[in-house]
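After the structure tokens below, expect a handful of questions from me.
Each chain gets a letter, A, B, C and D, in the order it is written, and its residues are counted from 1.
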């Protein structure tokens, strides 16, 4: 087999390098957020970038044992006590469109909107109006808006404030606020959720769309390990009985 | 990289062989149970072996949407609509010790018991008594006995009857019945469950212990695909809200 | 939590029913292919349907240890010896678009083509021509055509012959042959592969598109269990060294 | 269904709390390592604990595309382009005993050794000698020692130095060094690897054994996302051909 090509990590008998940086040096001076930024952006972050990345990871780490990802991890821990990895991996598998994956779609919507506003010298309000109308016409949801629990997602304002304090350009956040306003007028109040907020901030940091889902997964895996640890510590195997109501062909009537 | 060695499948530009059998020929004359037997036992099964293997696969395919494997698959389908594989794989991850994995442990217990009875010319009743006592002394469960729903697991008698009709030796089944009887006298009624029954039958077919979990996974994956298909067809994304009761440090009290 | 609704399986203390059929009765008279059909189509199959379903499951069960699904299962078994489920699940995760998932896309293409031919009373040759041109214009692959190993996939003719012998209508197969012919003239020889063949047959059996990927996963899980069993039996943990060539920032040059 | 009990996270319409801490406050002042510590240890870490936890996460994030976890993620990305989660989850599934899971076993060995030395007032050298002999007698590996690539794992000395600088007690590290020395004398040079080093440091931080595998998984998930991003960006689907050598029943000879 031909060797696989990679530009991420290399090693010899006594060294490991990440993107060309010696691991010993990174361990001494880099935080986990620094390393994550280095892995994906090929350089160490500024202080502002590090702070925002940490805030995003903290924001998405956990949201209660009943979130699909956390509940899937606990169900697997309930049935299979042989592998911590199996439970955590099952939790990750629950992440995608719509749970935790909306950030990537939101980044695409933001990128398209900001670019169009620039190209056609239109206001964000005007482009946001078109964005909302197009979604309504196609019966699509607006990615990054609305939440099934929160009327106001407490993580949104914090992220936007921190991004402003760090001096980020703010186009992503401004455009998403414009979409929120247009949606409120044309549909109903659909407050920006954490997927939307982190999408706007990552867009303003220059990241590509898949980064939104990667960052959600990385933050959430911390919460998943805690959920699995609690399931092992507090509950006995097979304790979960999901109640089911059968409404199919009556038992014994099929032949 | 050195080539990986395998004795399972090979292919050239116009052929595929499984354990040396041409795929075209297998497709015409082999059932799925035949192929499964061929893959693991390196020969095609007798009619009796095929019938038993089919009966086991049918027995474990599904047990309701609330079983840990089925519920995990549905939770993942609820959060992540991008991948059928992710949902089915999450269901499989819930299988292990104790859910669906007890069969392998049961096969080990059966093998040890039958072998000891032979070696020391003891009755199964006597060896089963010791087996139950040893488990009680160590606080271990008896793998393959007891069920959280069924007082009598309807699949057990059918499997044992079919094995007898097919002329299987029956030592595995006889020893497990002896363990069930000893457990009833020394602990409480702990009826043989489907994991125990398929373990006894696979032991009588000459299979090694991991086969019990493999067969459970293969049968269950059929049920998991149906559960995922139903979740997609009948339910909207993110519909599952697992109720949670927080009993930790009171909100706002930690600082 | 409200009970989950399901029309698949139900159970009481002494019974289990699948789609209303008693499990004891199914175990005695149904094969695995029968049960799979019952789970997805809500009735037991005809003899012809059973035979075709078995042939499809046999066709896709394994294709050598180097297929992405098989290799992923082996890598996981190489690193993690704690869980058979983890290794098999990782193999399933490798299935999607393009590996094993092309069948669903192929079924959609076939359904659209056959329907258009009927509606507009056009020949399959004519509609196939348009299908190929549209794919070329968009730079899309034709799902179900072409294979990286086989010039002639030996499984295709067998499936089509068996479907004809079983008296299936054959529109799906006929349309896909027309696409193959159009592709040969307009692009290059792109022989129908097993994903395309099973898609055509399942379409002719009246199944919806996701069934193609489900059936691929179910058949392949049999092969994955054999691959994992062989890895455990023949190889020591951590034996796999994938060769890697680093072509990124030179070690030590980043600062 | 009864509500699930949890002491990790809670939320109302406008708030989220982790272990009783308001998420908005955590986002402003906590790093990801802080949150991870809070999730598992129920309090925020000291500066020294945070620094060590960051160093461990950085140390294990990546080790090249050919490590089983990284290679499994790439294989899944190669076959299935529909789900980022599927690829990352497959990478996690490769983590366990022996790949990345040795840390938990190493923590158990360290805990048992340090405890016995205290209880029986024996030197670490003496207890380490017994530990090595017991492993030799049972044919067990010493968890946390030896590496297939590194003669000296560059991450070990850094972690131990940082732990000393942070003023950690150091019993775990001292005992593991004693085991390394005893192994060198009784078996062969088996240098402490990163699993052993993080196990020793986490033991000295008061963490329970599963924490070693959790921390490995969390750090590695950062690397896995980068590996998957690179596979999508640089390689076409299905590009991986693992070379296979068939050594089973000759094709066509089975009948």
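The criterion applied here is as follows: contacts are C-beta pairs under 8 Å (C-beta built on N, C-alpha and C of every residue); 3 or more make two chains touch, one makes a residue touch a chain.
Computed from a predicted model, the values in this text were never measured in an experiment.
> Count the C-beta contact pairs for A-B and for A-D, then tell me which is higher.
Counting C-beta pairs in contact, A-D comes out ahead.
> Relative to chain B, which chain has the most distant C-alpha mean position?
So the chain farthest away from chain B turns out to be A.
> From the C-alpha centre of chain A to that of chain D, how far is it in Å?
23
> Just how far, in Å, is the C-alpha centre of chain C from the one of chain A?
Using C-alpha averages as centres, the distance is 30 Å.
> Could you put a whole-Å number on the gap between the CA centroids of chain A and chain B?
Centres of chain A and chain B (C-alpha means) sit 36 Å apart.
> Could you list the positions in chain C whose residues touch two or more of the other chains?
In chain C, residues 1, 4-10, 15, 22, 64-66, 71, 80, 82-83, 85-86, 89-90, 93-96, 101, 240-244, 246 touch at least two other chains, as defined above.
> Hey, which residues of chain C end up touching chain A in the complex?
Within the complex, chain C contacts chain A at residues 1-10, 15, 17, 19-22, 42, 80, 82-83, 85-86, 89, 93, 242-255.
> Okay, in this complex, where on chain A does chain B touch?
Touching chain B: residues 1, 64-66, 68-69, 71-72, 75-76, 78-83, 86-87, 89-90, 93-101, 148, 237-238, 240-244, 246 of chain A.
> Which residues, counting only chain A, touch chain D once they are in their complex?
It is residues 1, 4-11, 13-16, 18, 22-24, 26-28, 30-36, 39-40, 54-55, 57-59, 61-66, 71, 74, 83-86, 88-90, 92-96, 101, 149-152, 154-155, 157-159, 162, 210, 213-214, 217-219, 221-223, 225-230, 232, 234, 240-243 of chain A that touch chain D.
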